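Next come the structures, one after another.
Common to both upcoming complexes is chain A, partnered first by chain B, then by chain C.
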Partner chain A sequence: MNIDWRGLEKIDLGTGLLDRQVNGPKQHPVGKVDDLELTERDGRIEVTALILGTAALRERVPRGFRWLLRAGFLFGGGSDQTRRIGFDQIKVVDSDVEVTSQAAESAESETERRLRRFIARIPGAEDESQ
Partner chain B sequence: MKRILMLTLGVLTAIGGFVDIGDIVANATIGARYGLGLLWVLTLGVIGICAFAEMSGRIVAVSGRPVFDLIRERLGPRVALVNLAGSFLATLLTLAAQIGGVAVVIQLASGIPHVVWVIPAGLALWLVIWFVKFQRIEQVLGLSGLAVGVFGAAIWWLDPDWGALAGQALSLGPAPDEPVPTYFYYAVTLFAATMTPYEVFFFSSGGAEEHWSRKDLGIQRANVLLGFPLGGVLSVGIAGAAAVTLLPLGMDAETLGQVLLPAGIAFGLAGMAVAMFGFFACMTGAAFETSMSCGYALAQFFGWAWGKRERPKRAARFHMSVAVVIVAAIAIVQTGVDPVMVTEVSLVASAVALPLTYLPILMVANDRVYLGRHVNGRFGNAVGTVIMVVVVVAAIAAVPLMIATGMGA
Partner chain C sequence: MKASDLLASHVTGPGGDRVGVVIDVRARIEDRGRLILEGLVLGRRPLRLFGYERRAERGPFLLERFESFLHRGTKFANMDQLEISETGQVRLKVGWDALPHITEI
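Our next item is the complex of A and B:
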């Protein structure tokens, strides 16, 4: 694995990786690190993947707060299934996490895709914006 | 040369963008009742918004990421979620107030009741967001908003008793015959109007939309430090014009029609028309900023692609939420509630949500992980901390004061 850690020797997974922004190349947002996949290998626990998706985030929020996330779904058009980005797809860990374009593509949210098909029908959806 | 032009435009946009229906209503109501007696609150609010907008602008310019993108990683998902819900709700109400205000301004111009104009106004807003470029919207509406300066001109034209005005401006407490809770209720709403949370939401996300970088630090700082105080001057104009016309007549400024009156007293129909145009521009601009801010907040919490820097299709969830937010705001106003009432409620909600917005900014502005050597200096932190104390006091006092005074009745 050739992750650029920006000079860090160790990081706190809770504050240094969890809840960080995940971006593809050119800073295109993919999602947040909603959870981490941990795997036990030879008695050692390793982080093997980033888990993205509101379904994963739900588990980390106390029960009393989950209705707020559900209220959020009203806007997003439904809960996201979790997506997995293998650790070997990470390029840089900085204040955000940059992943390969391939990983960014495959971790694209299903809700985003669904809404994209809908939004694409509105004139101007393809316009170069700003 | 290009930089000077950029600066001028930025400053002018900030001036116009500062004033919204909250500022207009709060300043006019207070001007009619206390004259310039709450100028100290406005001054404090302007210092606050300058300090925090500068911090949030610096965070964007250095880290490339708007403040609310960072809240979740700094505060964790639980606190960030509560934060999101609070700020989002306050901003949604603020949006509803702006759309209602736009509808009332059209009513005043056309004579046709405002409920007819709510849906067209909301739809037009969405079309503008969808089709017009970010900077164009900001500049056109910001510059048009300068028309609100007609109130300041009205004061000068009416040539009032300047000594009395100065006396009000220098006072720091209520007149002996005024109830103290009501005075502080108005103080809290004026403070909230000046520091409305969406202003920094929008300011920092807008900075990312315009691709600010380290080399823009100077320009963005100048925009803030010149633009917001001059925006404050426009607000003082509204309060002062009410102070020299409505206060002596014992009139309230409870409707937007009454708020316009000082411009009419000074310049007749032409004055009213200019003021209406200014209100229309300020409220439309703020409606743009608040609806975008709702989308920014959601997108940045969940990590979606956002903003007008992306093709709309590339930020589908963002654009969908902006559209849904506008529909929700339309639904609120379409019930027929008085937009001025919505404004007052939105100001109280904003006051309560203030710490949610400003505390994280102060924290990130001191974080070397994001800012390196550009963290807050001692002066910035001193100002930030003092304002933070005021913000917390205002947030705690807002609801009790609202109940105790029956919304300042």
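Our next item is the complex of A and C:
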């Protein structure tokens, strides 16, 4: 593990890490930091992984607003499975979080894949980068 | 345990009475990027932080004053002053008044 924290010495997890965009190399979007895994080691609690996915986000949304997420699930074809990215897969933490290509591939959102396949069938929707 | 188990969870005092809520979780970045929990930011009410309490540069005057008014009672408890269960229940080992204000650390 050798993460570039851009000179930070301390971070407030709720303000500085949760809800940040997670990208793979070349700014390829992977998802958002919806939760963090905490593990007790040698009497200390360590942050060991990012947790992504609307199923994880639902835990943090006030009960009165969860229907909004459910409405989103209906549109997107179901809720995202929870995905985990270990801290050893993080390269840089800045205004977004950059992870390795291997982590980006394994943690890509299934909902996003479904929507991409759907949008790709719309005439004129080809990706200009390809 | 997850961060969501701690955030917004109720905090009890040494006598078991409810004294506040967890506003944020502060972590220290150690060599090679390991992130170790240093303590919890606690408040009487569930208000979120805006970041001004940590930054060297200051924000717009009015926003800064508003934030310091909102967080006038916000405290910081380091890990030695806390008992955290595996399910994220937080108990203070010391009294609320013994905790430093968030800007004092």
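Definition applied: the second predicted complex is superposed on the first by the 113 of 130 C-alpha atoms of A that agree within 3 Å, B and C clash if a C-alpha of one lies under 4 Å from a C-alpha of the other, contacts with A are read in each partner's own complex, and residues count from 1 in each chain.
Rule of thumb we're sticking to: a residue touches a chain if its C-beta (ideal position, glycine included) is under 8 Å from a C-beta of that chain, and two chains touch if they have at least 3 such contacts.
From a predicted model like this one, the values you see are computed outputs, not experimental measurements.
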Partner chain in contact with A:96 - chain B first, chain C second, else both or neither: first
Which superposed partner A:20 touches (first chain B, second chain C, both, neither): first
Which superposed partner A:60 touches (first chain B, second chain C, both, neither): both
Dominant contact partner of chain A by residue count, chain C or chain B: B
First (chain B), second (chain C), both or neither touched by A:3: second
First, second, both or neither for A:11, with chain B first and chain C second: second
Partner chain in contact with A:44 - chain B first, chain C second, else both or neither: second
Chain A positions touched by chain B in one structure and by chain C in the second: 15, 60
Chain A residues within the chain C interface of the complex: 1-5, 8-16, 18, 35-40, 44-47, 51, 56, 59-60, 87, 90
Chain C residues touching chain A - in the complex, by the definition given at the top: 1-7, 23-29, 32-38, 41, 48-51, 54, 79, 84
Contact footprint of chain A on chain B as seen in their complex: 63-65, 69-70, 72-73, 76-78, 80-82, 84-85, 130-131, 133-135, 209, 298-299, 301-306, 308-314, 316-317, 319-321, 324-325, 369-370
Contact footprint of chain B on chain A as seen in their complex: 15, 19-22, 27-32, 52, 54, 57, 60-62, 65, 68-69, 71-72, 74-77, 95-96, 109, 111-112, 115-116, 118-120, 122, 124-130
